[in-house]
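Each structure below appears as structure tokens.
Next come two complexes, and both contain chain A; in the first it sits with chain B, in the second with chain C.
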Partner chain A sequence: MPDVQSMVAEFVNKLRKRKIEGSQATAKCTVELLRSVISHQRVPHANQAAALIDAVKAVGQQLVAANPVELAVGNVVRRVLHIIREEDLSLTTAAMAGLDLLDASDDDDIDNCKGIGYPAMSAAVVAAAARSTLRPPSLQTLLEGTPESATVPYTSSSGADSESKSKSADKSSLTRKLKHDVIEGVNQLIHEISGCHEQIAEQAIEHIHQNEVILTLGSSRTVLEFLCAAKEKKRSFRVFVAEGAPRYQGHLLAKELVARGLQTTVITDSAVFAMISRVNMVIIGAHAVMANGGVIGPVGVNMAALAAKKHAVPFVVLAGSHKLCPLYPHNPEVLLNELRSPSELLDFGEFSDCLDFGAGSGSLQVVNPTFDYVPPNLVSLFITDTGGHNPSYMYRLIADYYSADDLVM
Partner chain B sequence: MGAQKKGGGGARVSEDAEEQSHQRLQAILLADSFATKFRPVTLERPKVLLPIVNVPMIDYTLAWLEYAGIEEVFVFCCAHSIQIIEYLEKSEWYSHPNLVVRTIESHKSISAGDALRYMYEQQTETSQIQGDFVLVSGDTVSNMPLADLIQEHRERKKKDEKAIMTMVIKQSKSSSLTHQSRLGTDQLFIAVDPLTKQLLHYEEDKIDHPRGSVCLDKSLLESNPSVLVCNDMQDCYIDICSPEVLSLFEDNFDYQHLRRHFVKGVLVDDIMGYKIFTHEIHSSYAARIDNFRSYDTVSKDIIQRWTFPYVPDINFSGNRPLKLGRQGIYRACDVIQSRSADVGASSVIGYGTKIGDGDKILNSVIGNGCSIGSNVVIEGSYIWNNVTIEDGCEIRNAIVSDGVKIRAGAVLQPGVVLSFNVVVGRDFVVPAYSKVSLLQQPTTEDSDEELEYADSSSRTADHLSGLNLQMESKASELGPDGAGYIWEVCEGAHDEEWKHSVAPIPEDKLAEITQAIDDDDTDDESVVPTSGELKSDADSINTDMNDPNDDYYDFEKEVEGTVLRAVEENIKVDLVTLEINGLRLSYNMESADCAGATFYSMMKLAVDTPHNSASELYKNAASIITKWKELLGFYVKKIDEQIEVIMKFEEMCQESPKELGPLFTQILHLLYDKDVLQEDAILRWAEEKAGADEADKVYLKQCETFIQWLKEASEEEDEDDEDEEEDD
Partner chain C sequence: MESRRNPRAVVDPKVRQVGFFTSSQPDSSSTQQQTEPISASASASSPPVSTISPSGNSLSPVMIPPPRLNSSDTFPLRNAAAGATSAVSPSSFSYSNRRDFPDGSTTASPGRHSRGSFVKSSAPVASSLPGIGMDSMAAAKSSSVPASGLTTVSVVTMPPGLAENASGMEVQSDQKKNSKSLKEKTTKAERRAIQEAQRAAKAAAKADGGKVPPGTSASLASTSVKVAKPAKPSTQKNEVAVSAGVTEKKGGPSEKDRKKDAPHPRMQYDDESRVVKAKRRAVVKQTEAKNRVELFRHLPQYEHGTQLPDLEAKFFQLDPMHPAVYKVGLQYLSGDISGGNARCIAMLQAFQDVIKDYSTPPEKNLNRDMTSKISSYVSFLIECRPLSISMGNAIRFVKNRIAKLPITLSESEAKAALQSDIERFINDKIIGADMVIVKHAVTKIRDGDVLLTYGSPTAVEMILLHAHELKKKFRVLVVDSRPKLEGQLLLRRLIKRGISCTYTHINAISYIMHEVTKVFLGASSVLSNGTVYSRVGTACVAMVASAFRVPVLLCCEAYKFHERVQLDSICSNELGDPNAISKVHGREDINYLDGLTNNANLQFLNLMYDATPSDYISMIITDYGMVPPTSVPVIVREYQKEHLLV
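What follows is the complex of A and B.
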């Protein structure tokens, strides 16, 4: 336990001081940390899922508080919570059904349990009821009309199972199994996060065509991999890189692209509108994708999106699934921006005489926001590791990845 | 490398490079500024624990050191060491995974030099400076990266063993008017070799002449092909030092101040040949909070986010993060703010603070747990924690410490500093720049800033309880229901007050300085500046804003006293002359002034001696002149001096026309008779006076016959002379 504590403290410390940058790195660190939290967490016999959820939530809250701007942390924590809930559900279902049918672990198939005995029937109902709590109400679940009372046997069954000895033996294995399954699930998530670049890049060939001109802004590893993947498939195209003031990460991206043999042109951010008529597609990487399909990206992105809209140029956003955020941008609790040091904009020494409040006269103020927001109507397409999606489809993806219970942590 | 290194690393057989990679990055943090610029607040709490934008200063320093990759910090505590250690124990720093914080306590140290000497002596196996270390004070706010700089220093040290220190500087233009930096420190002149970045000259503009002259050693130019002299650099007081620095302090027991003694000492000393290098930082921020003005400036910089990530909305050291709203307003989530209150740009409001109706808050920092009544105006001020401000107060550019109560209608004028738990009475107006404390001002105030050491502050802190008892009995200086003493500003410091306070420099001061500079430009010859503003406290005589007349008046008084004593005690003429000569030198007077003053005092003596008639007065005067003519004679060797005496006499007669007036001719004659005055002087005086107004000619007319007589006599003499010449 203590070493987990210190690991959490260290990571919190890093997040606080903004030592980790980039949502993929943050997401990966977060999942790995949560995995060790889960593996070190002792689970009681009863209600083990709740114990795990509590442990993960406690750590998650610390992490989110440490850097509320990095939404990927919260996303990943919610994903892990969702995994725990799903695994717990499938195990309960299996345990109930397992008396008669040993192979009922496939939680997607409710029909499996049909026409068995009374206990199996109740398990199916439990599963359906529980799922309805996991998933937001969809038309299907509403029409199914699962009775509300069905939740009662769920709680009572998990509490009053101790009557038979075989069951208690089963339970201890179940304890191990839940943890094991959850860790398995988390490992899968880690795999997914670390592989998201390749997953997205695989689709590049479908989107980038011969002799096209692509515009991008700032620097994103996803975009880099995406463009390079198209290049590897012998597509020849040009890339315009808007430099992404004030951090000028576009310069770094341009350097990388040239090193990989792409035809690259660097333009200033203010030249985006001037160049947009020659551009066939705008591709940017996102910092986060909100539940309404809006995008949070590097500062200047909104301007590029507006220019693209004006010239009917497709505006494509690349985002790994860890960037999907189940929150809405109008939620005041969501901190969407961070003001960084003005020294990125101008030299302190050169302007030190205008910054003086002591002189009594007006003084210079410098604001340096990091992020920009692009409303969903300006986005043409999202490319995630699961394929291309419309902005209006984002809420559905989010419903697949997150439980409604975890939206507020 | 030096002996230190051998001692520490002798056992290790490892290679140099490997050893360096294993070397822990260490820092010495001086948690005492060894100055008293933050008094009276620092009498009760150490400076490093004072909040800046609601977080104690030391947290900024430690958070930055940790971020920069320092692994071990020695916190050197001196004044109020118990408070500092207690604070660190409670904070998260003692249990920090990456940073080992060790405290070192010493009450004897009275300067940074002493502290480093103590560090050197106290080194043990466990707490040891192993290699290069960072030397900072606990009031530094910075976000600069250190790892590269330390690496740079080590590389340089490997090449050149004499490169013992790297000093961090940052460009910051100083005001052309006040010759002080944004941080309120004096303008800094440094000379640097532009290629190697070696520091060649370091001069704080302490004794600043209005025209500001820098003296560079000629040999500097001989040994260096090019020298870069700049005055727009700010010393960040962040040094990367090699262990030799500690032994240098040990060897030179008179090094006290890090800059004034150590740096200058190293630069001047060419026997050891140690070198100091500079490192200029561009994009990162670094500043030291040295006085109230820099407190203000650095607070503003933090609010403007130059110190990112050490800003109020980021939890960087266990502080509760605030929410950043529009216009740069930082607000805690539980602030209770009235709808009619107007919180303006660049303000910070802490946890649990209540803001009443109609309040106006602008450019201010308000701490935790404060309660502010209605219709209060707070502008450019720093309100710390748990302060109560009642209705209708006005607070401008002030610092208000923890637990202060400001009763309804009170006004704090710009530059006021209220120390802990002071109570300002109802409708009381605290005058500008005053410093108020529950503790009385220590009476043994050293005038020399350098001598204000920590020991005196700890001593006064011990008196705290005793003073509190006195407090209750005494009626307060802050209104009938107030509590606290307004500290007197000592004479020399008054001039500095506006320079170093939190309040911006008032318009009229700026105008005054501009005026002074203009005057200076037009009149280069003036020895004494028209106003003392440009002079620092260094030469006290000229700062007193005395014009020459005042000086002369004082001088005259002194001479009068001397003469009076001489007459009474019948002192020998030689001794009196000696004494008056002494006065003359100290007041920088000429012998003509002495003549005038001596004569004046003699006549005054005559007038003051009881007399009934004019003839008696004449007798008095005659006896005195006869007796002391040698003394007078000593100063009236030249014609000009004699004329001065006559003028003085005339002046006296004009002042008391009834007494001395009628005797003018007689006394003049007497002086002539006694050979005090020569006829040439009298005649020249008469010639000069001939062109004057009628009113001025009264005494000339009175002695017309005497002059006539003199003229005739001189003509005769001339003739005689001619005769004599002819005879020759």
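What follows is the complex of A and C.
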């Protein structure tokens, strides 16, 4: 237990000091941490799911507080909570089904569930009805679901209620099962996060045609993989990279692109408007995608999006599913932003005497934000690891990944 | 053009006063000059064809051309106008004759012939011009002769006019044939080559010289001999002008004319043969950058830093170049002088020095020789750095003044006149204009305003400082961009004056736009479709501002307006040093691209300007007041003449 505590503390520290950059890396670290939290969590005999959820929530709150701007942390915590709830639910329903069925077949059933995940279940009807109401009802449930709907109240509220039900199925195998299944699910999530680049890159060929001119901005590994995937399929196209002052991540991206043999042109950020008229598509990697379809991306993205809109150039956002945030943004330019050091913009020595350090003495302020918010009406397309989506569809996509109970942690 | 202008001048000269017209009362010499160029153009192309000429759009917007009195291209009417002018002019007879004389020089002033020096020779040539009438119309119009006077005079002068026309027709057709055959025989490139050769020859030729220019032009000259014997070289030149479709100098210069005066700023660098040719002429030996952006092949891009040491070494041995010009050129090259106004003033002051030290070589004509000198200096300056549009306008002004120097002036007088003209241009059109702009713009700044500016526009800086002196309370957001980071200089100056500032890079513009109440921008030029040609990034700022519903006020002196139109930032632009992008000044940690600069897959694009669409601009503050972008073409058309006259 203490080692988990120290791990959490260490990670919180890292987040606070902004040592971890990039939402994918952060997401991965978070899941791995949560996995060890879950595996070290001693599960009480009764009410195991609630215990797990509480533990994960507690850690999650610490992590989110450490870096509230890194939305991927919150997203991943919610995903893990969702996994716990799902597994718990499937076990409960399986147990219920097992009660109805023969005891002998019970074990097989649960093995089934574990192997394939949740889709194939013996008590499919019950499970479907019991799952979060966000799930689209199938015709079958609509037809047969009326008598079963009575079960929804107590199963959907998971934890305590379902526990009372499953008490009857107090086999020791079942208690181990939940933790085991949750860890399986978390592993799957890790796999999904680390594989999201490939998933997205696979679609590149459908979006990039021969001789295309693509503008990108900032340094995103997703974009890099996306472009390289198209290049590997023998598409030839050129890429304009805005350098992204003051962090100059564009330089980094350009270097990688050139190393992979792509025709790359580095432009200044100010030339984005001038060049956009000759660009066929703007592709950027998102920092986070909000539930309304708005995008938080590297600073300067909004400018590029406006210019693209003006010239009717498609503005495509690449985002792994861990970047989908279930929150609706309010004033995201300010509230979900982060101001970096002025030293990136100005030589400290030259201007230090006139800088305003909050005491009101100086007359100079320096603004150096990290992120930019693009409203959904400027985005043409999202490409996630599950395919391409409209901005207006994002809320629905998000509903698949998170359960409504966890939106507020 | 003639037919349209014709009735206007004769029938209602007063309509001209309506609308956007500032009273410019040209002196008699300018009227005379105005008449002259037409003779060249008219003789070149038949009158009906010439309606296409751009000078046709000098029609005022508020005016509907009145119905014609009689069939418009009958000669009497034109002659009437001709008569009118001659009546107005003090020396009516010699004047009308002179007018007909085809002018010898392409660039130099028409005025120099006017004072009777050519009267004797002009008689036979005089007939060649059916088009005089038009010109003289313009003259009549500008001197605003009362209509009644016109009619009476026209009656008197009609007969000689008719006679002139009769013979003129013949000559004209002859010439037309010549030019036509020339056109057929030669390709465009060849014609241009011919033209260039002739121009060179002309520069060498004396004003009265009977020398036949060498090369291709010889045949031309021979054909023209029978038309106008006494003025052999000059007629030949006329034809050259015709073949190029260029009407030579006119008092109130036609658009085409103006374009010609201003050195063509846009050589297309993807045209190999022309690049080679230009290189041969070049004083500055530039190494072309190898790794270039495909889209911008038509723009020059050189390896920066390669020319400067070479040029500096040559500083003391370069006789054809005036040291003042040389110095300015080097300053352009090294970037010591930048900013539209600074560059323009530096150039004009160098020209003043040139004029001060100028002495007409023996057997040469001041107007012509000086024009060609200026042209050569200008091409040197272009080699150092492509001209800005405002500089093109200033050069056009200088050349115009030189061309219009009355022939009667002695050399010292002429020099003094030119110097004071240039001085006046600097004071009125640049410095004075800025003061007017400041006066206008300051009224738009209120207490509590948050003003955003981009880069380091001089006009805006003056406005901010003035508003601060007026004790207005406001905050300034200075937005900057790589690679020049001019905003830091502005920031330093503003802070020194005690103005509270916020500094950021252009990427963060959407972050700070929420708090902004007004955006003040500068411009390198405003084009006549309202497009603002300015420091790269201005378009981004204006776009974001208009997306956030923040008014964008653009400050630009009217001498920077230009009748050119442009839709994008690609066709015409300037490329800066690509290495400035790969290296981030003051940030040693950013070195990702070191060692990749020669990679064939990697290019750096350092654009200098961009074109802001007019719909992002709320208002343009200029020395003529505060106008919407849609008024730019009006100002360009109505005031350009005045610019040239000052």
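The rule is simple: the second predicted complex is superposed on the first by the 325 of 409 C-alpha atoms of A that agree within 3 Å, B and C clash if a C-alpha of one lies under 4 Å from a C-alpha of the other, contacts with A are read in each partner's own complex, and residues count from 1 in each chain.
Just so it is clear, contacts are C-beta pairs under 8 Å (C-beta built on N, C-alpha and C of every residue); 3 or more make two chains touch, one makes a residue touch a chain.
Keep in mind that what you see is a predicted model, and the values were worked out from it rather than measured.
**Q** Name the chain, either chain B or chain C, that contacts more residues of chain A.
**A** Answer, by number of touched residues of chain A: C.
**Q** Examine A:Q365 and indicate which partner it touches, taking first as chain B and second as chain C; both and neither are also allowed.
**A** both
**Q** On the A-aligned overlay, A:R221 touches which partner chain: chain B = first, chain C = second, or both, or neither?
**A** A:R221: touches no partner chain.
**Q** Per the contact definition in the header, classify A:E10: touching chain B only (first), chain C only (second), both, or neither.
**A** A:E10: touches chain B, not chain C.
**Q** Considering only touches as defined above, state whether A:I267 meets chain B (first), chain C (second), both or neither.
**A** second
**Q** Report for A:D347: first if it touches chain B alone, second if chain C alone, otherwise both or neither.
**A** In the superposition, A:D347 touches chain B and chain C alike.
**Q** Considering only touches as defined above, state whether A:K255 meets chain B (first), chain C (second), both or neither.
**A** Once the two structures are laid over each other on A, A:K255 reaches chain C alone.
**Q** Could you look at A:M303 and tell me whether it touches chain B, chain C, both or neither (first, second, both, neither)?
**A** In the superposed model, A:M303 contacts chain C only, not chain B.
**Q** A:K57 contacts which: chain B (first), chain C (second), both, neither?
**A** Touch status of A:K57: no partner.
**Q** Both chain B and chain C touch chain A; at which residues?
**A** In chain A, positions 344, 347, 350, 356, 365-368 sit in both the chain B and chain C interfaces.
**Q** Inside the complex, what are the residues of chain C that reach chain A?
**A** The contact residues of chain C facing chain A are 293-295, 480-483, 488, 491-492, 495, 498-512, 514, 535-537, 539-540, 543-544, 547, 568-570, 573, 581-582, 584, 586-587, 590, 592-593, 596, 599, 601-607, 610-611, 613.
**Q** Residues of chain A touching chain C in their complex?
**A** Chain A reaches chain C through residues 238, 240, 243-246, 248, 251-252, 254-255, 257-258, 261-275, 277-278, 299-300, 302-303, 306-307, 310, 333-334, 337, 344-347, 350-351, 354, 356, 363-369, 372-373.
**Q** If we count contacts the way the header does, which residues on chain A are in touch with chain B in the complex?
**A** Contacts found on chain A: 6, 9-10, 13, 16-19, 65-66, 339-344, 347-350, 352-353, 355-360, 365-368.
**Q** Which residues of chain B touch chain A once you look at their complex with the stated criterion?
**A** Against chain A, chain B makes touches at 63, 67, 97-98, 143, 170-173, 175, 182, 184, 232, 282-285, 293, 296-297, 300-301, 304-309, 314-316, 324, 328, 346, 363, 380, 504-507, 510.
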